[in-house]
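One structure is given below, encoded as structure tokens.
Should a chain be cited, it is by its letter among A, B and C, assigned in written order, with residues numbered from 1 in that chain.
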């Protein structure tokens, strides 16, 4: 599969990464090479093989429903690039 | 044919599917130990997991899993013993991880059914497509600053059940009944408090229309996050009419997400959702598949409370109530329990009338809740006892009830204090009759001359002279005898 | 004091117990070495004052009779582990100024065992790389030099390049690494040290900046097998905060080093001899097989047919997970923010400036393979092949106890080499990635030098949660190899 500029732009938008127009061609080439490389998997016969999303053999552990966290707004906000009145703040969103 | 909207080209049917987001009743969040309380200082009920900090990992709350199973069983639904948590990837300021942990291909609960009770006494089965567990996002506040939005993550990570109906609803009314019934079941189960003002229950409505008689499913629009039954109904009606107008003017509907403006009573396209989205669901590698022990499901099943449908059925059989009266009483578990306390060992119909009538009226007027009622079940029961043993007439009972509201005084004490005991002494009633007749010889003459209508007037006068305490049946009887003479 | 920096952890442990020197002496010596070794660029953040304070506390504990398994031992921490109150960068611009308000489980465990951290070690950005050249803080230099060109700066491997270089150069006695596709083993091989990636689920991932959650695993890097065993014992253990952490007991790994491997069957996978594998690597591998035979083990040829697809599988699964794991770096709650007119513009600006080229490439590939219409063809396909790879190993382990392979297809290369094409760079991990895909424990130990005098490593792969056998065999090979040559340093 080879990706064209517009496909790369769509992916970059989806990933929220600004890519300057002049870089799109080069990036499209790189990503296409990678896709060509990974597409060798198509030659593997995987009929009847179940996908493996984890090697861990046990089930999902569950925790008890008790309050053990929170009450630390200062620590939660301490690293924020922009904050006000106890909130994180971001450029205004219009819904 | 049910609900139809008239267009210029003919009648249109509305097809509605609802996605209800119900906040799971739990102390802590779905994947962290932070509290779930409503309100609180901003960002104070937040763990670093909820805030999507580097290296933080989710650990599933077992009680939330039980709550989902309980709800699934309450909706007569398939419980999936293996389910998978998946990441739904999208960027938004109040979604700290950049993905929502949800369930996609394998939800914890599969197909089920919910029965709605139509006002005409009929019922309709609405299919449940699925129920899955997911985490809530935080909250964005857009009106605090001219150029900024503020983010509060207190809700981030709170457990939600997304309950998806099949597109089986055909009118705003049915949609309203569906939400009310679902809310009732969730409250019975104790799995969601159903508080729509606080956002514990929110609704997305998928709306499309089709010409009457057609069976196609046309393009639908999703109206997001409506937080009252009334608004859901208004939004559906607006949206359906919008579709009809567009179709009839030759246009097409674009599948999109819309927002309901309850002030302007309209829906509009959500700008924040305009950017093409592709959620790129995939199994969350931080969480292994959730495998339930069938014994755990059985234990929950065995502990389920009697649900509204069963209770309604039992009330009609056991108490001889009409389906309508039974439906009113079972809508809230606490009301049903209140009724049963009142009705125990008493006249069922009388108990039902009093609970559904004067009691509910007083409850609504007082602004109190059934958990803290204006008149206790015990006191109401005693009042009914006083009616049954003839101490009080129906009319006197209403007066006594009015005095009971807001006090903790029993009916018998009030009857004594205020001297409201019904007069059943024949002599006393006859004496009162004598007085009235003596004072109104002209009207007596008119009755004797055949003017029966005046009989009512005499009853009223005698009642008045006894401060309403005369037993009405005895009074009527004695008065009639008097005029026969 | 310089000789203090050439001790092994095991040796220092004995000397500290005898009171030959204090933890403060040992720490001070290493702080000097760190200063002298700055040319390697192995550290992103040095914390000498904190280290001396901790060393002092360690000496006090020792006086009070409280001696942990790593009491007073100076270590380096890969800057992917969150450390409370100490800047954590993941070698990325996007985490600018981030000071974690929490401590990762692994580093907390190490502190609990008495270890003293000298600071945070350089790595490839977000652990994505095989040469430690993608760090926002500049490349790490391998302390080893080519005989033919001692001026050439060689890469230490990656992504745990700072850890490997610091251990090899004697700046620290041991270091934490993380391994997603070979990030402990390949740099260990390039720098002539020992590193083990334990079984997936053995070490808690809590507090480690995530790259690919289904593959990431922390492990120790040190100069000897025994030192790795000592460190591993303190790092691992069930952690209820990590849902993939396995609730199993921690064995005494050091006890496993019995020296007796008689009767063990050692798998030699035939697929790991691709055409063009260098004769030197081949020779070292053969030498390793001979050592094992001499020690009474039996080499058995095995087949891991799906192995050849492991790299392609990895480069679907790891980027897919990374594209999602790295979505949280959005300029809202921590790290870099580059303003924009709208929220989306702020995101796109922040992420464009904050992430380096390799990270961006992987996020984009990952975004693509998960996107609508491609998910089944790429992601699901890769998960199916992953199962085949894991099953190959499971089958092999029905007949063998451990598997021996080269760690990497080459010795360390020079900065600037192999950088034209990302895929060529990825080939570095061709021997380590299959192990990661199957979640198995894998260890690299130095087995000899190539013609340029550079170390070459061999990899031992074990059954799930059988790090003990891996360590035992490695210990025997280490003794047989007599490998003790240290690099000249800066």
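Throughout what follows, a contact is a pair of C-beta atoms (placed from the backbone, for glycine too) under 8 Å apart; a residue touches a chain by one contact, two chains touch by 3 or more.
Just so it is clear, the structure is predicted and the values come from calculations on it, not from any experiment.
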Chain nearest the overall Cα centroid: A
Distance-maximising chain from chain B - centres being C-alpha averages: C
Whole-Å separation of chain centres (CA-atom averages), chain A against chain C: 24
CA centroid of chain A to CA centroid of chain B, Å: 40
Whole-Å gap separating chain B and chain C, where each centre is the average of the chain's CA atoms: 58
Set of chain C residues in contact with two or more other chains: 98, 101, 214, 240, 243-244, 323, 327, 330, 332-334, 343-344, 347, 367, 371
Of all residues in chain A, the ones touching two or more other chains: 13-14, 16, 53-54, 56, 58, 60-61, 63, 72, 75-76, 82, 88, 90-93
Interface hub residues of chain B, defined as touching at least two other chains: 48, 51, 59-60, 91, 93, 149, 151, 275, 278, 280, 282, 285, 287-288
Interface residues, chain A side, partner chain C - complex: 3, 8, 11-19, 27, 30-31, 33-35, 37-42, 44, 46, 49-58, 60-61, 63, 72, 75-76, 78-82, 88, 90-93
Contact set on chain C toward chain A in their complex: 97-99, 101, 200-201, 214, 240, 243-244, 246-247, 306, 309, 312-313, 315-316, 323, 327, 330-337, 339-349, 351-352, 355, 360-361, 363-365, 367-369, 371, 377-378, 380-388, 390, 421-423, 438-439, 464
Contacting residues of chain B [partner chain C, same complex]: 48, 51-60, 87, 89, 91-93, 96-99, 149, 151, 275, 278, 280-282, 284-288
Chain A partner contacts - residues on chain B that touch it in the complex: 26-28, 32-35, 41-49, 51, 59-65, 85, 91, 93, 140-142, 144-153, 259, 270-272, 275-276, 278, 280, 282-283, 285, 287-291
Residue numbers on chain C that touch chain B, as the complex places them: 81-82, 88, 90, 95, 98, 100-102, 104, 205-210, 212-214, 240-244, 320-321, 323-324, 326-328, 330, 332-334, 343-344, 347, 367, 370-372, 375, 379
